[in-house]
Structure formats: C-alpha cells, structure tokens
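Naming follows writing order (A, B, C and D), and every chain is counted from residue 1.
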Amino acid sequence: MPSSRFLQTPVEPFRVEPGLAPEEILARLERISFQGRNLGVAYRVWRRMLTDRDLTIFLGAAGALSAGGLRLVIAHAIANRYVDCLVSTGANLYHDLHEARGGRHYIGSPRVNDATLQEERIDRVYDTFASEEEFVENDNWIAEFTLTLEPRPYSSREFLYRLGERLWEETGAEGILTAAYRDAVPIYCPAIADSSIGMGIAQARHLRADAAHIDVVADVIESSNLVIASGGTASVVLGGGTPKNFINQAIVEAEYYAPQIDGHRYAVQIVTDVPHFGGASGSTLDEAESWGKVATDAARVTVNADATIALPLIVSALESSAAAIRRERAPAPYQASEGALLRAGRAISAARFDERP
Amino acid sequence: MPSSRFLQTPVEPFRVEPGLAPEEILARLERISFQGRNLGVAYRVWRRMLTDRDLTIFLGAAGALSAGGLRLVIAHAIANRYVDCLVSTGANLYHDLHEARGGRHYIGSPRVNDATLQEERIDRVYDTFASEEEFVENDNWIAEFTLTLEPRPYSSREFLYRLGERLWEETGAEGILTAAYRDAVPIYCPAIADSSIGMGIAQARHLRADAAHIDVVADVIESSNLVIASGGTASVVLGGGTPKNFINQAIVEAEYYAPQIDGHRYAVQIVTDVPHFGGASGSTLDEAESWGKVATDAARVTVNADATIALPLIVSALESSAAAIRRERAPAPYQASEGALLRAGRAISAARFDERP
Amino acid sequence: MPSSRFLQTPVEPFRVEPGLAPEEILARLERISFQGRNLGVAYRVWRRMLTDRDLTIFLGAAGALSAGGLRLVIAHAIANRYVDCLVSTGANLYHDLHEARGGRHYIGSPRVNDATLQEERIDRVYDTFASEEEFVENDNWIAEFTLTLEPRPYSSREFLYRLGERLWEETGAEGILTAAYRDAVPIYCPAIADSSIGMGIAQARHLRADAAHIDVVADVIESSNLVIASGGTASVVLGGGTPKNFINQAIVEAEYYAPQIDGHRYAVQIVTDVPHFGGASGSTLDEAESWGKVATDAARVTVNADATIALPLIVSALESSAAAIRRERAPAPYQASEGALLRAGRAISAARFDERP
Amino acid sequence: MPSSRFLQTPVEPFRVEPGLAPEEILARLERISFQGRNLGVAYRVWRRMLTDRDLTIFLGAAGALSAGGLRLVIAHAIANRYVDCLVSTGANLYHDLHEARGGRHYIGSPRVNDATLQEERIDRVYDTFASEEEFVENDNWIAEFTLTLEPRPYSSREFLYRLGERLWEETGAEGILTAAYRDAVPIYCPAIADSSIGMGIAQARHLRADAAHIDVVADVIESSNLVIASGGTASVVLGGGTPKNFINQAIVEAEYYAPQIDGHRYAVQIVTDVPHFGGASGSTLDEAESWGKVATDAARVTVNADATIALPLIVSALESSAAAIRRERAPAPYQASEGALLRAGRAISAARFDERP
C-alpha cells in the first residue's frame, strides 16, 4: 500500500450477496464511489440526525413527489418523526389531497400524443396521468373549505393545518396532510398561491370578497421563530425550488434576530439539478455555507439522484435500522391552538421575531 | 437525393464568415441541429410574437439572472416591449434593487473556501460574490419602504409597482423594477415571501403589526383576468420554478372562467432542467399541451441552454432585426391607478374572475 | 374512478415497511413514477432476459465503474451468467487489473487541491484517489505481458482473454478479467488503445517493433458473428460511450450480412446523459429502433440514474430472486481455443462475416 | 463599495445594443456570470492560444457534430489553423464523408414514430434524419477504398489521411477530411473500428483477409511524439468520449518518456456532461491537473453548453477578431511522406517513443 495522507481508506468493491437488507446495501454503497457513496452517506447522516434529540429536522419537498408515488413515504416520515417540519410545493400537497379524497394518479407514458390527452382532459406529469375533471372537483372542494374559515388572514401553515383537519374528518385517509394534522407537524407552503391549492383559494375569493387571505409573511416570521426555539436544525431537501430556499431563509432570518444561531448541523440534499447554471435548486451545500445557512462543521451530503429512487430506499433502511432511535424521539412536540403553533407547549409567534441578545 | 417524406429539408452546415451579425448567426443555427437549431427557432418564434399585435407576452424569470448579469437585458425587454408582463422569483428583483441602489455583484469563483467567505460575510451565488452587509442594508430599506405603505393587503404586483416607483424616485437608475414602473408593466412574484424581499417585508411586520400584508391570491385572480382581457398569450420562460408555473396557471384558471380561452399561441422555454425527473421546471411544452397551457397548434420550442448564453444573444439579434416591428407594438398599454392595473384604460380586477359565457 | 383508456393502472404509493428485501423494493418502485418506476422496470426486464434461454446478453460498461467500486458486481454478473458478453472501456478493465494485482482505489473528495495531488502523484477520479506510481507499475506489467505474446495481431477479445489468464495464474484474484477468463466469456474493448491498457501495449511496441498488434477490425467481425450465432440478443448498458455503440453496431453489421437478424429483444440502459444534445451516449432506445438496433417490440427501458446506485440494487435483487432461473442458464457456452472464440463448441470467425440468405 | 479581497471586479450587466458583433457579445459575456461568462472566457483563451506560436492545439470532437451541422466549422478551423490536430469519433468523420460525397442530413424531429422510420430505412440522430441506403453506399465506398491500400497496418491517422486524399480527388468537396488532407493536419480516431468507418473497413477484411489492418497502437506512440516535438500543447475539447481521453493520454504518455513535458498550457472544454457521476467525459480540468494532463498554471475553462451553440459563436468571433493573429500562425507545419507524419520537415515516429533525458 502506498503511503500518502490522501490514500487512507480504500474503496471496498460492492459485493453481491443474496438477502441483503436495504440498510446493508446502503452501508456497502457508502464504501464505494460517486453517487452510490453519497446515497450511503445520506442514509448515515439522516440516521445521525435522529439521535440528536433537540434538533428540528426540516424536510423540503419540491417536484411532483405525491403524484409520483412518494406521498406515503413522506407521510410515514412525518408520522414516525423522521422529520419535524415539512416545507412543500403546493403540488405535492394538492396531489396528496387528491388521493386522500379517493382520486388516483395513473401509470402513463411520456411518449403519448398530448393533443389527444388534452381532448380527453387527461393531465400529464411526465409518465403519470390524472383526470382533469377530478382536479376540478378538488379545486371546488378547496374553495368550499376555504369559505368555511372565519374571514381573516391565515399563514399557509395554519391554513394547511385546518385543511388537514377537514380532510381527516372527512376521509380518515392516510397521507401527508392528514399525518401532519394528527401530530400538528407544521407544513409551510411558501408559494401556496402558485398551485392548484391557490386556484381553489382564489375561487373562494371570487365567491366572497373577504375570504381567502393567505398571510405568507406570517410564515416567514413563524418559521424563523421555530428555528430560534429549536436546539439546532437539520435539513433534508428533495429537489430545490421554494422549499429549499424557505428552509435556508428561515436560518438566515433567525441569525439576524438571534445571532447565536448557527446554520444547519446536518444537511442532506437529494437533487438532480447542477450548480453551474447559478440556480438555487442546484446550489451546493458549500455555497449555502457562505451564506451561513449550513454550519461550517455540518455533516452534509448532496446526492445527485431522483428522489423516487433515493427516498424509498433510505426510508426503508431507516425503518429497519432506526426504529429504536425513533422511539426515543417520539412523539412530535407540537400542538395547534387558536391558530397558533405550539412547540413543547409554548406558542411560536407568527407576528414578531423572537430576538435574543 | 433519396425520396422520402422524412427527408425534405437538408441541414445546412454552419459556414463561418467574418462579420456575421447575431441575427445572421441565429438564422444559420436554425438550419443545423440539436440545441443550436432550437436557439435559432426560439429567436424566430419570439420575433413572430412581436408581430402578433394583441398578444400579451409573458416573460418568466427564475434562477439568479440579475446577480448573473442579465438585469439590463430584462429591463431592456420590458422598456422596448419585447415582453408585456414579467413573472419573477424574488431573487431576481432583489438583486436588481441591490444594483439600482448602487450595490454590485462581483466576479468570483466556485472554487473558493466557503468557510472563509462566511467569515468575511461574502455571499456566493455559484461564481459570483456579494456583500452580506449590503444585503442587510437592502433588507432594511425594503422594511422602511414597506412601512410607508398604507396598511392594507397588496398584491405582489401592486407592491412591486410601488417599490419600483420609490426606487425610481430615489435612484433614477435603470433596471427591471424601474423599467416596469415607468411603463406600468406588471411584475408578479408568486413566491415573494420566499426571498430577501420577503425578509424585508417580514421585518416591517415585526416593527408594526398591521403592516406588510401581501395578498398572493389577488395575483392569481388579476393575472387570469389579464389573460382573459388579452387577445391571446405567449410565454418566454427562462428556467422553471414558480414563474413558469404561475404563467401557465393563469391560463388554466382563465380557461375555467372563460372557456373560449386557448393555451399560449407561442411558447419558448430556455431551460437546463430535464423532463424525466417529473419536476415542473423541466417539463416539456408537449406536457403543457395536455393541460391546455399551450395551444395544440402553438409555435413552440425548448432550448436546453443557460439563459446567460441564450438571452443576450437572442435579444441582441432582436434589437437589430426587430426594431421596426417593435415600434409598431409600443407603447405598453398599462397604467396603474389607485392600486389597480389598467390595460388600455380598463381596470383588471384583482378581486373577482372575469367570467365569459 | 374516471373512465378513460388512459387511466387504467393506478400509481401505488410506495409503502414503507421494515424488512423489505431489495426485490420487493424494486417491485414497489415499478408501481410509482419517474426514475423509480424505470429502475423497477429495468429489474423486471433483466430478470425476463434470464428466462429467454438462447439469448446473448451484452453488458456495456462505460465510465470508471471499477475504480468506483462496481468491479465485483460486474464480475459476479459474468460468473453467474447474468450477462454473456462484456463490452467495456479500457479504464474499467485497467482499474480491475489494478485491484486484482493488489492495488486499491481510495475514498477521496472532489473538493481537494488538485495541484497538491499532482505534486504527490495522486490521480483523482471525481471522489476517488489512486497512486500514480502503482499505475506506472501496472503499465509496465502490461507491457511485459504483451511481450510474452507471440508477435501477431490480436483482437481485443483475444488479448483480454490472455491478459485475464495471466492475471488469474499470477493472482488467483476475483475480478472482471479473471471471471471472464475462467468462463471464456468474451470481453470486447473497442477503444483499447485509448486507455492505460493501450499505454502499456504501446510501451511493449516501443521495446519490440513487432509486438503489440491489436486488430480492432477482428472485434467488429467476431462480435457480429456472435450476434448471428445467437438466438437473439439483449443489451444492458451502463453509461454510453464506445461500449453502447459497439453493442449496437454489432447488430447493424449482423443485419447487413444476415438480414433475418432483428434488433435487441430486450434493452436496458442506465445512463445519466440526456438525448437532446445529440450524442450517442444519451440517445434513446426509440432512436436506436430507427436504426434497427432495438426490435420494435422489444422490452426496453432507460433509467436515468448513476450506475453506482442502480447496478448494486438490481443485481442484489436478482441474486435473491433469480437464483433458480440463473441455474437453468448456466454454465457459459464459451471456450477459447487457439485464439478463437467457441460458442457451444463452434468457432466464431473473426476473419469473415457469417452470411445468411 | 465594500472593501474585501473577494469583491474586486464587479459583474457588468450585459447591455443590449443594435449591431453588436459576436466578438463584442462574447467580450460582454465574459463580464457577467455562469456559463455566459465561461463562454466569454473560452473565446479569450482560444484567442490567446493562437498567439502562442510554437503550440500544438488539439481539437477533440465527440458527439455527432458533423450530422449536426458543424463539419464546415471544424473544417474551417483546420484550414485556418485555429487548431493543429484533430481527434475525433468515427461518427464525425463518417458523416463528413457522407456530405462530401454528396449525401445530406435532414431536419427531423425527436417526436416521431421510430418504428415508421425503421420501416422506411431512415436513421435518426436526435432531431436529424439520414437515409440508411446512402449510409450503406458509404460503407461500400469505404470498403472499396480500403481494398485499394497496400495490405499492411495503418495508424488511424495515416488511414484517414489517405481517405481524405481519395475523397478530395474524387469530390473536391469542402469538409473535415479534405481540409485535413490538404494541409496534412493529422486526424486521430482512437475508436475507429467502433463506427461506420470501422464497418466499412471490416467489410473490406471480409472481402480480402490481408486487408484492413488498423494499428491503433501506432496512434498512441505517434501522438505522444507529436506532443514531445511541440513547444507546448493546448486542448479544445467538444464533448468528452475517446477524443478527450486520447488527447490527455498523449500528454501522460509523453511525460513518461520525456519528463520535462508539462500538461496543456491552455485548456477549453465545451461539454454538457457533469463531473459527479465519475465519467471521463464530464471530468473537470482540475481533475485533469491531478493527472498532469493540464498544467497547474494553465489558462483553462469549462463551458457547460451544447457545442452547436458555443462553437459557431466562438469561431465566428475568432474569424473577425483573430484574422491577423491567424495569419502569423499559418501555414500548417505538416507533411505526409511514405506514411509518416512530418512536422516542420521532421518525421514523427509511430514506432518508438522519443525519449528525452
């Protein structure tokens, strides 16, 4: 073996054996190279987050992961406290609601005539189809629900909490919104108006002028206060988009009012965007460090892989290996009361930043 | 020459000559293959949009294009009516404001120690640096500006109009916000809270509880009504993200209330995302057709290229070749009055959808 | 459920459970969307190939998969007849030889000062390091081995067979070259000179003018005859590059001399390149159909994923689920005799194409 | 302006003006960010190469650039000495030959039924079509040409020189092969057998057993000696593949025999592959530095862009701006004599490496 400080830990070629469990596959991947290694590291880092008790673990979910079949994985992660707070696109929540209400998404193909789909009112998401008619019904349902709310501004978090409540009462179905409702796990949706949920809300406004006020500024304040109230933060980000930025912005804003706050202690991103076009979605965790979003000594890893491959594999492995750890974390520390989010019994303000010396 | 319906138009190898103008380069690219061809087609399609008089041309701008050096190209496109409405991330507008206020972005490198940058309070956007201190000043400036507004809800469009107004009065500087203000060209920012502009707004709320209400639902309604009021629409989308979705959602929402509305007649997207991971940013214009976002017979093209290459080249070519066309389009048909957006003297409602039989 | 021919098979959201085996994970992924679905399909298609007895399954391996930790997965696939013929870059074979001879690759990082590595004579492959000194020893070993060969032209297949023989005799080590040698499974390396193996061979030529003649044209003929002699073909391609093209070219060439030959009956590609830049590596299996490389009714799938994630997972699942099937296939039908490749006892010509009416 | 060593050179927003020449566009792009900046830098670096008189500039061309419409750009670069040596895939040379012989490629579409194309014998390269029948004629032409050669081994360089000669005599057509023949500019094709040229050569072998010996090992030796004979090297690489590796391998091999040799002094790569999957095509120029392929102080830049956009733009700009410089470089210093490559009148050995103390 050549002697060099750079040549310390050999790559261990992956050895195929029958009966390997997913956690063993991931452990072996960690000893090889490229994105296999990164996937193995991501599993280990997420597992370590779970042992860091006072941590708030943010999950960012962009893309169309619910339509794509991951809604129950995310719901599972919420219900079992693999994560403490979800930041999502509206699409993921809308498609979750669609299935909770009994709708389905369908196995389709990207090699289809879209003009024909349009005529038959089928909406396509890459290789997945859905009925536009059912989507219109969802929009109406959301509009009707919105009109049941007392006419005042709602943060997206509070709005989604109440939406989850209604959905649970009406359907008793598993899903992201219902799981989050049941444990009062906060969901933020920074671009809620820019989604079919927003379309339903706008249709409520159309029907009643004083309805449907979403106070997205309250989300900014409350999420920063959640960071300040936590004993540290971690992020698991699937894709980029507004969820990734919102989670990081909460840190930056928290640091402004409470300078002792550090960046994330752990950061995992599972992403298919690349950094060299300058977009936030593909930006590296090193770049995030320059902004103070990620702590300099954070355990961090970026996996360049589709979440529909990476997430089921990692969460399946956590489910087998981390059950004991997870039990020590549970239950979720949240409650909702009169519109406020409570963490460990204490209200998190959505009106003013919590300042610290 | 073999006879086949598939073999009709030969590729014309690009021929290098001294003194080629950008419009000639693009015309020659259209006769070759791959993304060069698509770039040439994009130029031609955009040029054709300009001749379609009653059209509303949406420009979607994701990424960090202002920090990346494209803010004056976008401002130029607004001022010269290459586009009629901008939908943008907050980042693009914030970095535009930063430079309008005298700040700069700096040539940097992705191969730098980010821990050092963090210590020196330098924020990195891939290969570009900025001063965090100056960013904090901007945030404060935005907070102060926000506190000058009468305390009521503002659509992002109205908020940004007033922000542009203040910026123009204070600086007289070129830029996106000031150009849009001067011609009352609407800017929508669907995820405004999820940006440094949102941070500034939140800081205003912190200072005064009744300040800083952004009514993102009003944007949804007003933008759909803008579609309904137009004689057709076109989209030029740089990157994906919320701008791309918002522009398309306005069509879908408009179709709900005014079924005679068609999808975009012209659609150009300049994007580096790919479709096969199912995200909206990389979704094809064919997929958009299934949703009715793009008309079945629309002139459409996707260019897989970085906007920092494609946009300066196309707009430079338009500037030389389309000056006459552009003059026939001008001036912009907008006014702002008491918070409302007027198009050709008629107010576009932000409160109710305009229904048509 | 809405009635439409497009809405037949619902996406089944992935359900997390403890103790899922890899084959169960892949079966569930097949029911979701995007690349997770494609990975599940790839597993099923490969499994089906194994039941199609008279098939020749080509494995194409580009990239730096051996340095990256996959050499024993590929060796396992050869030894257990998951594949019947390997087409590889020289790099994969060279790095396999390096480890068979006792060298290692090392866990490194892409965020390192490459000037320092250069000074310390460490060669980097993304996140993996190796000793240049050891590489120089390998080159010399290859040169010495080459000089032991009778001075005449060798196809890359024959050269590599003899290299594997020497390696097995000298080291008795597991690996790609030794596994292929032991079952006489042919390895073609279309760009053998363009690799460190080629450098070693060139150094032999330097030492003796009549040494080291590689007859790459013989590979073209022999591989086409292998197709003609087979009862059908399938391809599993990791990455693109020369291996992908060589496998497909063998079909096209075979069709020229034996027009009854069809394209691959099954085709799996695991690739991170995209089609829209026109390169062969990212080209779709549909495009391959236009050339006759893939049969019109072939079972086919492209997985956009890194092979270091996809291959260990699929082969682990095959190992558990396909053991019985595999036993029916074994053993490999090849022998090597006097430089010729024998399939089922019959020599495959490397000198003339086998013509059929 | 904030004072920091990191904040020295501001980004200059691109300013649109009528009548900008391509060299002015590129100069302005160099002052912005992301890939626009890199494209501007690439232009400047290539321009600087031309002033470094004793340099050998390698051009690597992967992909299907000739089918894609760039064959005359490459031919122009050869004829005008923007480059001194071409390393190419067989595809680029084959498609060049196809057009030189009067065939064409055709504007097609990736959204077509490939089964129909297959039936009509149309071959597709992404959005470009060609006639399979014409391709078969080319193959036969190559086979016939090959049979005219004296039966002995030929390096790919010598084979292609003679092919260019025949093509020029027969067609007098512009193109890569004919331009290279006329100035004796060497073309290496490391994977020549893995292409339709290889298919034609193999068909010659089929017809006559002693024909068609390609000595790829001679290419390795001769190209390294070309490096040793040069006063320094530079590389411009379009895509990755075998051309990229071959150019770099020539440096590594040269360093082995002539240790005073440094890596490339200038390196430009225009690529759409990314580094994080570990493949050579996407590998960074920093990684190349670790191997000694690129000098530590080299002027280097990677542009993440499709060559069909980047190359016509850069060469058009060079054509206007660098005409004077270019004249000082010309003419090409090569001759071909009895199969040998002469540089400045002195034969470059293809049989033994030139050693230096």
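Here are a few things to note about the model shown:
FYI, a residue touches a chain if its C-beta (ideal position, glycine included) is under 8 Å from a C-beta of that chain, and two chains touch if they have at least 3 such contacts.
Since the structure is predicted, the reported quantities are computational estimates derived from the model, not experimental observations.
Least step count on the touch graph, subunit A to subunit C: 1. The chains touching subunit A as well as subunit B are C, D. Of the two chain pairs considered here, B-C and C-D, the higher C-beta contact count falls to C-D.
With centres defined by CA atoms alone, the chain at the far end from subunit A is D. Look at where the CA atoms of subunit B average out and do the same for subunit C: the two points lie 46 Å apart.
Chain centres here are Cα means. That of subunit B falls 38 Å from that of subunit D. In this assembly, the C-alpha centroid of subunit C lies 27 Å from the C-alpha centroid of subunit D. Looking at subunit A, residues 33-35, 64, 67-68, 117, 122, 125-128, 274, 276-278, 286, 304, 306, 308 sit in touch with two or more other chains.
If the chains shown are joined wherever they touch, the resulting network links each chain directly to all the rest. Against subunit B, in their complex, subunit C makes its touches with residues 33-35, 274, 276-278, 304. Against subunit B, the residues of subunit A that register as touching in their complex are 62-64, 67-68, 91, 110, 114-115, 117-118, 122-128, 132, 136, 139, 153, 190-196, 198-199, 201-203, 205-206, 209, 212-221, 224, 239, 241-242, 245-246, 249, 252-253, 256, 272-281, 283-284, 286-287, 289-292, 296, 306, 308, 351-353.
Of all residues in subunit A, those touching subunit C in their complex are 1-2, 4, 6-22, 25, 28-29, 31-37, 39, 64, 67-73, 76, 99, 104-108, 111-112, 117, 120, 122, 125-131, 133-134, 286, 304-306, 308-310, 312-313, 315-316, 319-320, 323.
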